[in-house]
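Take a look at the structures listed below.
Here come two complexes built around chain A, the first alongside chain B, the second alongside chain C.
Entry: the complex of A and B
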């Protein structure tokens, strides 16, 4: 067989001296083509072979002690909003009352004003793993849903062209994992603060049903309802801390059966009564709620009455309120979440046709995908809502309903049932991915912060957009901060 | 020879047979039923015929000389394989090799074609000038050819269907993937779900779409993927292969690029089977003294 080598050519080649070549063991042999650009640091750690020489036979005193549980929790829960190593982005705009409706800003990242950060921290708008700590300052990208929400805020506040002062908008926010539901709530809160609304939030719906806070039965209620004084007190503290400016400007306008309330006291003073005495927390919260939702003062107290601002109620992790809580009644049976007065109060606001917010406002109840108990009845209810929005009548055979013998919770289905003709109606808002342009703006922000060292161009953005399942923002963040191996060159297309 | 060998026995039998030139029937009628006529049985019959009691008084004759040249060669005592390489591992192959080598040696002197003109085959017999090839060589070489015209079978090149859709399959480990690739905006669905839900790890997503990525075609095609069986790595690399093949249907010119990227090379490795006596495929149990 003829050899493939040309011997005359080979004879001219001089063998490289051994010293110049690296030792054969140093050159990694590629057994298969690497179809990725992951850096070595992301490789799974090699399993160490157990070696009797390296393993200690007996437990010895370890110098590196594990930190205390409390410290560990604090480390886990801490929120870092700034990274001094990240570059400052030149010309970065701040969110303001004017630019929340500006559609030209779509795709740009708007910074949160520094004075507002304390308010947002007070309502626990930031969550630990949202990647705030990789940028110089906190900011959120403006997407289509954000601009639409900004328009709603303007409308309800009674500004702009199509002002509808006093309108109530109720939304259940859903979306796939990493689609930005919680950050959407944060943007809503920041807009609420900008528009001088009263912002009431429940950052973790789970904390109210997980059996961690105290609960007291309400005398004479049937079926027995339960008050959670500790959680109510915490809610009052959050609300006062965040809305101090608004609440301190409003005077009490009704008569309340609470000791310490004077006709001259402000709503801040009223709410503060619930801080010290948890037993008073629930009556104080009821009083505060009445004060915030009234449209006129009680007779004889009209002197200092000012119209109340709209309200924003934001709840995160709605599914936890749709099943049995971890609390037990006297018969040691599980208490349904809807029997907790606190939960019931906020869920009743959501009901179709319920218009308790007389001064207008917005209700945003977001589901969670990373921390969700999986309630079948809620899934059915959301499917039904989707079908109603698509125009399917509840009487039509295509209208989804719970499967037979599935034991779907009737209380949940009842909460979401349609009520014809009464406003305001509940809406379902499903967050999807960013568009390509928004993706580009978002990734450019990474590049300008010094995190991303690649040219952000059309092709590259399209690639990342596909890779993130169509612009899912949580996935884009992963890709933006992904350290890539420099060894693999991308072959250029011809 | 101290031990009576089988050959000795055979010789004795032969002499007996030769000595009884005139086979005589036993006077006592034999009750034996001779249904079949095996050689051994026939011999035993002759044996029984020479019973001492029944032998009449005949003049004793000396046994004739054994003719080794005829009967021994004609009737071998044991079955001898036809091929001398019967006890080698692959007798047919060895026979062919020996046959070809002998042919080659016999016709080594025939003029040969220069190296460039000969058919691309390692055999030197193939290089004999066509007009000089002996008939024997031609028949032997033809016996190695597959019957029929090898150029008659034309492989169907995969094409786009009427909707502009390319369909391709890929396999890796235990996974099988089917990809439908159409021109589009870069949307990918895996088993009806978003690729993020199907492959939560960035690494896996990247490797699944590697064919589109290396050719910078990510935002020009939509892929509808069905992948079954195996684990995550197997599924992603099955998808890689399937997408690369489907992409070649759309743009055959990308083949060298995809070849260099390594996405159209089939990785046919499978899990090695476990063997008896081993703990796993290769692992042996620990050696224990006694």
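Entry: the complex of A and C
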């Protein structure tokens, strides 16, 4: 049997004179150290004995308490737009009314101007789980779809081609998870603010159907329709907060049956009546909508009339509006989302947008993949729309239709059907991945913010582009963040 | 504070228990409607639907008319002491007619054919000569 002693170490056991040894307090007391060849300094530090005063006894009450529900929610929902630890990107441009159509900026990240952040916050354009908090300042990458949208904004505002002025563009925005649908809406909103449009948003379509706000039946409607005063009042509040500058410059031009409206009051005053009294919210919203979509003043009120700006309507999470809501009618039957007046109003814009938005504008209704109820009828309807856009006739056998016995909701299918004898206005926009060049620009932004410490070259970008499923921006962001921790040099390498 | 059927509820209380916590509603003081004996998830959700009140409504958000309507409907229903009395009377009738079920009630044993070797804590606790609800 081998001895437990290391014989070569025994030679060192010769007693050393005290004067040669360092004072005993200078080296940690390790009883086994002389028998091993490794130096004392590599030994793991001695574990500190835990103090009996600080250690918790068995089943002793913990002082750590879960935070209150309200605080927890606030933490969950908070939006951080800046990270002071990230590097400031030099030469970063801001989005402006001029450069939204600039195709040369494709692939670069444009910052959002600071005064606009309040407006964007007011319309709830930022969502808590987006990665705004990793960069110095909020910005969004310019991609092909962004430039195209910029051109549309120019056209509708009547700057480039006068013939297109006052047109209504209606789009249903879809795309795979992380393809940037919500940020696309955000970019649209920022362009709307830059062009002095009126921006109306519904940041969470779900909130209208989840049964969390009050609902009141409309007397005498058949089938019964329901008003949601609380949600309407919130919408008015958002709209006024974000569009104060535009709304305060426009005067009332029609006669309204609402107490408190004077001929001299501005549209801001009108909207404010609605959020002071939720009972008035819906009539006020209707009045505001009429005001924003009129082309001429009522007789006798022409004095202060100004032409109304185009409107941007952005809805996120469209699928929630395509099935039964959580509300119930008096017979305890579920109410279909299309029977809620608020929802119906915005969905009817998809059908007859030109009739409603007389001053032109854009409707962007985005689906969501992170929060979607999965409505079969909507999937079929979107497939049909894709097929129509590809040129398939509804009579051809390739045209997709709902499976037999699938019980697809006819109301949803009807909503997306083309109107007979009319040019199809509603189009489907599917957001895909970034191109390689755009990917490169986007990842360079990570590198210049100090998040990514790897040389961004053609090969590396190509690899990341493939890994992100062909430039899906959400995946790219994950990769950009992930590399941050992997790229720190390890001491063991030498 | 809002009076519903003579009971005073704080305004921040939920009118109805959410589905997940319906089981504990009797012990949870925040669920107002289901704190009445005889009103559970089934009845309370139908009551809300009848008056077009959304499921997460708080007591303070109710309009005066809704409170009055609700009280009117509740006062027509057999809940609270009326319901308790009915249940106690039913058991009493079983005992008086000398049925097996009545006897089991009186003996503090399970009534519906359960085994008695183990697990009869509840009947031991509840079933007795003078049954209380």
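Everything below uses one rule, namely that the second predicted complex is superposed on the first by the 412 of 494 C-alpha atoms of A that agree within 3 Å, B and C clash if a C-alpha of one lies under 4 Å from a C-alpha of the other, contacts with A are read in each partner's own complex, and residues count from 1 in each chain.
Here, a residue touches a chain if its C-beta (ideal position, glycine included) is under 8 Å from a C-beta of that chain, and two chains touch if they have at least 3 such contacts.
Since the model is a prediction, treat every value here as computed from it, not as a measurement.
Q: Scan A:393 for contacts with chain B and chain C and give back first, second, both or neither.
A: A:393: touches no partner chain.
Q: Any idea whether chain B or chain C touches more of chain A?
A: B
Q: According to the stated criteria, A:453 is in contact with first (chain B), second (chain C), both, or neither; which is it?
A: In the superposed model, A:453 contacts neither chain B nor chain C.
Q: Applying the touch criterion given at the start, work out whether A:470 contacts chain B, chain C, both or neither, answering first, second, both or neither.
A: A:470: touches chain B, not chain C.
Q: Determine, under the contact definition given at the top, whether A:462 touches first (chain B), second (chain C), both, or neither.
A: first
Q: Thinking of the overlay built on chain A, is A:214 touched by chain B (first), by chain C (second), by both, or by neither?
A: second
Q: For A:327, is the partner it touches chain B (first), chain C (second), both, or none of the two (neither)?
A: In the superposition, A:327 touches chain C alone.
Q: With touch defined as at the start, can you tell me which chain A residues reach chain B in the complex?
A: Of all residues in chain A, those touching chain B are 1-2, 32-33, 35-38, 42, 176-178, 458-459, 462-463, 465-470, 472, 475, 478-479, 482, 490-494.
Q: Over in the complex, which chain C residues touch chain A? Could you list them?
A: 45-46, 48-50, 52-57, 61
Q: Note which residues of chain B are touching chain A in the complex, please.
A: Touching chain A from chain B are residues 115, 122, 186-188, 194-197, 202-203, 205-207, 209-210, 212-219, 236-237, 240, 254, 257, 260-263, 265, 267.
Q: Within their complex, state which residues of chain A touch chain C.
A: So the residues of chain A in touch with chain C come to 211-217, 226, 326-332.
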